[in-house]
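The following pair of complexes shares a single chain, chain A, combined with chain B in the former and chain C in the latter.
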Partner chain A sequence: MVLERAEDEEKWLAEGIAAIQQNAFYMHRALDANNLREALKYSALMLSELRTSNLSPHKYYDLYMRAFGELRGLEMFFKDESRHGVSIVDLYELVQHAGNILPRLYLLCTVGSVYIKSKEAPAKDILKDLVEMCRGVQHPIRGLFLRSYLSQVSRDKLPDIGSEYEGDGDTVMDAVEFVLQNFTEMNKLWVRLQHQGPGRIREKREKERSELRDLVGKNLHVLSQIEGVDLEMYKETVLPGVLEQVVNCKDDLAQYYLMECLIQVFPDEYHLQTLEALLGSCSQLQPTVDVKMLLSQLMERLSNYAASSPDVLPEFLQVEAFAKLSSAIWKVVDAHAEMPVVGAISLYVSLLTFTLRVHPDRLDYVDQVLGACVNKLSGKPKLEDRRARKQIVALLSAPIEKYNDVVRALTLPNYPRVMEYLDSSTNKQMAMVIIQSIMKNNTCIKEADKVEVLFELIEGLVKDVDGIAVDELDEEDFNEEQNYVARLIHMPYNDDSEEMLKIMCAVQKHIMGGGPKRLPFTVPPLVFSALRLVRRLQSQDGEVVGEELPATPRKLFRLLSQIIEALSSVPSPELALRLYLQCAEAAGDCDLEPVAYEFFTQAFVLYEEEVADSKAQVTAIHLIIGSLQRMTVFGVENRDTLTHKATGYAAKLLKKPDQCRAVYACSHLFWVDDQKGIKDGERVLLCLKRALRIANAAQQMASVTRGSAGPVTLFVEILNKYLYLFEKGNPQITSSAIQSLVELIQNEMQSDSTTQDPASDTFFASTVRYIQYQKEKGGVMGEKYEPKKV
Partner chain B sequence: MVLVLALGDLHVPHRAPDLPAKFKSMLVPGKIQHIICTGNLCIKEVHDYLKTLCPDLHIARGEYDEETRYPETKTLTIGQFKLGLCHGHQVIPWGDLDSLAMLQRQLDVDILVTGHTHQFTAYKHEGGVVINPGSATGAYSSITYDVNPSFVLMDIDGLRVVVYVYELIDGEVKVDKIDFKKTTTTTAH
Partner chain C sequence: MNYLLGAFKPSCNVFITFADGKNRKQVPLKKENGQTIMVPLFQSQENISGKVSIEPIQGKKVEHNGVKVELLGQIEMYFDRGNFYDFTSLVRELDVPGELYERKTYSFEFSTVEMPYETYNGVNVRLRYVLKVTINRGYAGSIVEYQDFVVRNYSPPPSINNSIKMEVGIEDCLHIEFEYNKSKYHLKDVIIGKIYFLLVRIKIKNMDLEIRRRESTGSGQNTHVETETLAKFELMDGAPVRGESIPIRLFLSPYELTPTYRNVNNKFSVKYYLNLVLVDEEDRRYFKQQEITIFRLQETST
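For the complex of A and B:
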């Protein structure tokens, strides 16, 4: 059926075009002969083809364009009175005798065009007459094209300012009224098309209407191009005229298209000054019209206008743009309560973008928009719709991106409230946006209360929420998240120690509830943050006299103890041990001997009870020895206890080589190269000798179990230690002792039962070279080395 | 000429959030032939970042590194030089140059690169050169007060190595350089 119809249309169009061409041929012949009568006859016949009802708008347009082309020749003929001898006034009368109304009116418009040009009558009178006469054609498609013709021929003859048709009572107002009237009538015809024909071809109707819309919209273009239409006239005449028709026609297709047209065609400056009228009409449109889209378009245009130059910004303030737009939007959202949430939120996003562009310093406005969002979401369960979630993320990200300063967003009371409505994965996504913004912009967060708000916002990352266990998360994602949180902990900072302490307490409060999986990430940064503060306090003198206790190192160490203690729940003994040692060293620097001792105790307890892996023990004991070696705060008793313990554990490591190395490392515990450092030559020697014994035992074990003695590396290492301590002036280490050791090594290396090891050989060789070098140095060192024979 | 970047002790995220922006903008991929890292990165993200700067990446294990399989020491040859790498917490007393010299003799290298103290040093002794590139992020250290972010770039050319040290002091990058020469191709004296 449809295909048949389409084929038929093609046929009719072809027939129509043929008929036009034929009549046009005769018309032109008559024109050439200056035969007015014949010309009118054939032109009327030609125009009769436009009386068809059979064509869709698209095809009708083809036909129309043919006729239009031919009429230009006719118009030229009409203009030249010498050719037909009839005055234009009479001609205007004459063409009205044409039989059928449609050809009659086309001819009338054509003559009218010439009439206006002749200036024998005021333009406005002719225009008024024409626009009224066109009422005679009420068929939608035919009427629209007729009026479109009128619009086209009159376009350059409107009594605009500066035009030749202005003057003597012919003013811009007349031009405007003419166009408005034509527009109004065209819109009525256009709307009527919707109701023509049976219901089942409604879709087809809408398509046809869509094809015709530019004919109607063109009038708005014309209005926008009339020079004489200034803001005043737009406000008083043009806009009310247009809006009245738009609202009253009650047709959703027309309303949407025309409002859109209006917004696009007229300058933004005008829209700004007529916001109330515009927005008022928006609220009166049919319920099915997508008002949000219109409002978004309007706001986007206004946003761009604002961005174009800072000079225009005061205008926005003057017209209270934000107040008007926001209340229009609240109304729309309220009126359309059934609108899905995503629609409302995308409106808020448009409004927020506008606000950030136009009023970036008005945080209260930004907060209002967020507040509207909170109201919309309240009472509802957490958002399920993915698009709605995306929009909320856009809403929340906009202020952060604009200000590049998360702290500003933190001051908006409604910001955290909006976040509460997010489901946990979107909440985490948003939290990451916030953290990344802080990291990228190096945002400094200076106050503890802001830190509180921040950590509440990122709560989803910091602890388990909504009963979702951490195990369900992808491990890599989880680690990435937690590393971000860890890095974030370094960002809050304040020069004032009291405030800094408050900040750290705030952070501690939030991370302590993170659970065993998060603590290993979040505890270390907090610990080092605290240690940095301790150092800062060290350099400040004395205590501030006041009612509140100032932040002190002692307080911080108590805090540190608590924080590291939490790691036992993970459990994370190796990490905790390292952190205890750091605190011990820091306490030592603050001269707090008991505190330092306590930290060492904790470290040792962990070593004894929790560090079971032998490789981990080796590292741990070296860290203990290394830290202890540097400590100067301990009195003799405490130091003895600790060094004794350390040495004892060193000797108890599983593998003999490890034992050996740890034990000779301990020798440094008894010789500190500092003026008031300990210098216990005997204990040093004891360690070294013990190391030697262990090395020997290792050699023997190797012979027994593997059939040959192991490499001599350990001996060479011990030799180097002997040399080191010898150089430092330890009286217990004699030249002869070194001599014997050298000989021992040489023997071992030459012995058949020793495994050859190029590494040890090179090591020994370079050690020997070193001894040689020291000898040749001369001076004090040379003398010391003199007795050595290598 | 061969460019070798030496850096370490970044302690991300335990002690520092990231490399300083000024360093990041200087460290551009494709300009460096080798990277030697003294350890304590501490996380994989830092490893991956360094890998983008240069695929030939050598790392020694620091006591806080997430990756426990990095070696305790490493040796490699670049041009005429033998380099040794070790984090340094294993060598007691920490930061003691004579003890480090012992390690250098043991590894039999011309240049020993170590860290742990977060303090830049470049020291020449009869056995060779000991370089500590400091902490690239200026991380807290129990050993050194007032740590400035620093790293080292070595330009190895034949028997000569020029050591450039970049330090971030009060927001400005300051550069210093030190020259070292080997006398023979076997060991430096």
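For the complex of A and C:
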């Protein structure tokens, strides 16, 4: 049926067009013959085609445009009195004799425009008459087009300022009143269109209506084009007139469209000066009107206006734009309790953008907006709506982007409160935004309380929230997030150590709850950050060491051990062990022997109790040896205990080669190449010999289990240790011992049972070449090497 | 035969001319046979004077028992065809019985003739004024010649001319208030007014203003009433809503109207009505008829 109707419509349109063309033909013939009577007759007949009710607005427009084109010729004819011999006044009456109203009024408008042009009567009287007479057409579509025609033909004849039609009692006011009235009537017709036809095609009607909206909106455009509409007139006449109509028409489609038009066509400056009225009527619109979009648009325009030139900012202050806008928004939000959260939030975003552009210095405004947002969100479950979340992110990002300084955002009490309403993923997203901003701008956060707030903000990243198990998350994302947090921990800095300590404590407080997955990421940066402070204190102090001082290395170390202890829950013993060793070294540098000792103890305990994996043990023992070797703080007793332990562990490694390597590494513990370093040659030799024994045993074991002995690598390595310690002047290392070791290796290499390994061969060859070289070089070292034969 | 035929031919031509025939305004008049001729225009209490010329056919003489000219005001009812009722009848004897051999011209004059009624051509009735010249020839049959003229009488603007204002309606359906600026209009007048819709519950398609002429003839049981719609003027297209007011501006000049005639010599009346018609989408008509008085105003241009 719909299809049928569409086909019919095509047919009707074609018929209408044909009839218009035919009558237009006769009309033109009459015009050529200067026959007024015939011209009027055929033009009326032609215009009668516009009386159809069969066409949709779209098709009707087609028909209208054709008639419109033909009327130009008629107008030209009317203009030239010599062609028809009738005065314009009489002509004005003559066309009103037509029996049908629609052709009559089209002709009247046509003659009317000529009449105005002739200036034989005041433009305002004619305009007033035309706009009044057009009331006779109450059919929405026909009326709209008729009035649109009126608007079209009168457009260049309005008594505007500077126009030739102004003066002699014709003022801009008349022009404005005329356009306003035509606008009002058109809008009424347009609104009425929705009541046409049966209810079931309502949707179609609405579509058709929106096709026609520009006809109505055009009037506002015309108004905005009138030169004489200055701010005063806009305020006193135009705006109240338009708003009255908008509010009274009680139609959501019209209200939305017209408000939008109003906001778009008139200058920002006018809006600013009439904010109160504009916003006031916003709250009077139908509940279904999307006021938030309107307000958003308005604020966007005003924001852009504010941004366009700094000169206009005083205007904003003068009219208290923020106060007005915000109160309007509160009202809208209050009035539309059912408005989806996303709507309210997007309003706040607009307001915030506005505030940031216009009042960048008013943090309290920003906070007010956020506070309102909190009110809206309070008592509601966390946001599920994706768009709403997006808006909140936009809301929270705006101030950060504006100020490029998170510290400012941190001073807003409502900022974290908004964050609270985010679901965890959005919260994280937001936290990332914050962190990235800090990174990008290298923002330095100096106060502990701000650090506190900051970490509260990014809580979603540093803690499990909502009981969502961490392992449900994407590992890659998680790692990236945690890396960001880790980087963030390095950011706060204060020259004042006391404050810095507070910052440390604050950070610690927050990250401690991070759970086993996060701690490995977050603890190391904190530890190193603390260690950095320690180093700083150490370099400063000397004169200030005392318990009463709030920030002392001692205190810091206490803190550090607490921090590292947390890792035990992870558990991540290797990491903890490394950190303990770092701390121990730092403590050593601070001359805090007991502390260093304690840290070492912790490391050893970890090694004993937690490090089970043999590979990890190897790494760990080497680390311990390395750290211990560098420590100079320990007294003999403590050092003995520790080195003893270390060598003990070394010898107890599972694999022989590992044992061997660990043991020869222990040799360094007894020979520190330093002024006051320990130099216990005997124990060095002991270690090396022991290593040799183990290497031997390894070789034998290999031949037993695999039928061939392993490569000689271990021996070569031990040889290298010998050479090193020999060069360092260890008296227990004799050249003969080296000599015999070289020979031993050579023998082993020649033995059949030894596996040939090019790497170890090369290694050995290089070592031998080194000895050769040292010999040839001569000097002190050459002499030492002299006895050796290779 | 020729002789016989000649006997039936009028033996003379009769010409009737008016004294100021050249200057007097001529107006069209529709004859019974449908032809429109131009005839002079008079008004009441004018002098009607002129000349009657009788010209016998060459070589003939006209014997007569006297020549007279009559001024007749007649009312003719079509249903009573041929039966003229003369409400005015004035006679001037032009000649005593005698013979005419050549053209003879007589002057006549009816001074300040009372012609209270206007020439009127209606549906059922006609009112006409005529000059009738009779050459009385006794048994041979009189020679009669007629000359029509038109009478129009002008009225001064009425001293009281109230507007017509009325509220009408159908309960819970349609309530309108209309207003015509006057109750008395002259023939070239403009009807200005407006219709105000107080309540609209029906779907109106359009609204017209009609001018209707009601001609009643006869009296008592023989009264014939004929109503004609002379004008149908569309006032509104489409359905208005409550509170809408629609302007009326109707120029009367394009329509062929006459003044209102009330009880012309007890024979007929012609009255005019404005009929406001609203048509709804089911083509039902709602109307309200109001009488208006139409009068002829002295045209300043003539």
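Things worth noting here:
Simple rule for what comes next: the second predicted complex is superposed on the first by the 741 of 790 C-alpha atoms of A that agree within 3 Å, B and C clash if a C-alpha of one lies under 4 Å from a C-alpha of the other, contacts with A are read in each partner's own complex, and residues count from 1 in each chain.
Just so we're on the same page, contacts are C-beta pairs under 8 Å (C-beta built on N, C-alpha and C of every residue); 3 or more make two chains touch, one makes a residue touch a chain.
This is a predicted model, so every value here is computed, not measured.
Chain B and chain C, once both complexes are superposed via chain A, fit side by side. Residue contacts after overlaying the shared chain place A:Leu396 against neither chain B nor chain C. Once chain A of one complex is fitted onto chain A of the other, the partner contacts of A:Leu294 are absent, as it touches neither chain B nor chain C.
Look at A:Phe528: by the touch rule set out above, it reaches chain B but stays clear of chain C.
Vertex at the C-alpha centre of chain A, arms toward the centres of chain B and chain C: the angle is 150 degrees, rounded to a multiple of 10. Touch criterion not met for A:Ala409: it reaches neither chain B nor chain C. More residues of chain A lie in contact with B than with the other chain of the pair chain B and chain C. In the superposition on chain A, contact of A:Gln138 is made with chain C only, not with chain B.
In the superposed pair of complexes, A:Gln96 makes contact with chain C only, with no contact to chain B.
Contacts of A:Ala344 after superposition: neither chain B nor chain C is touched. For the three-chain overlay built from the shared chain A, the minimum Cα spacing from chain B to chain C equals 72 Å. Contact residues of chain A toward chain B in the complex are 439, 442, 479-480, 483, 486-491, 521, 524-525, 528, 531-532, 535, 578, 582, 585-586, 589, 619, 622-623, 625-627, 629-630, 665, 668, 672-673, 713, 716-717, 720-721, 724, 727, 759, 762-763, 766-767, 769-770, 773.
On the side of chain B, the complex with chain A involves touching residues 11-18, 21, 43-45, 63-64, 89-90, 92-94, 98-99, 101-102, 105-106, 108, 126-127, 139-140, 142-143, 145, 187, 189. Chain A contributes residues 51, 93, 96-97, 99-102, 104, 132-133, 135-140, 142-143, 188, 192 to its touches with chain C in the complex. Of all residues in chain C, only 206, 231-241, 244-247, 249, 251, 253-254 touch chain A in the complex they form.
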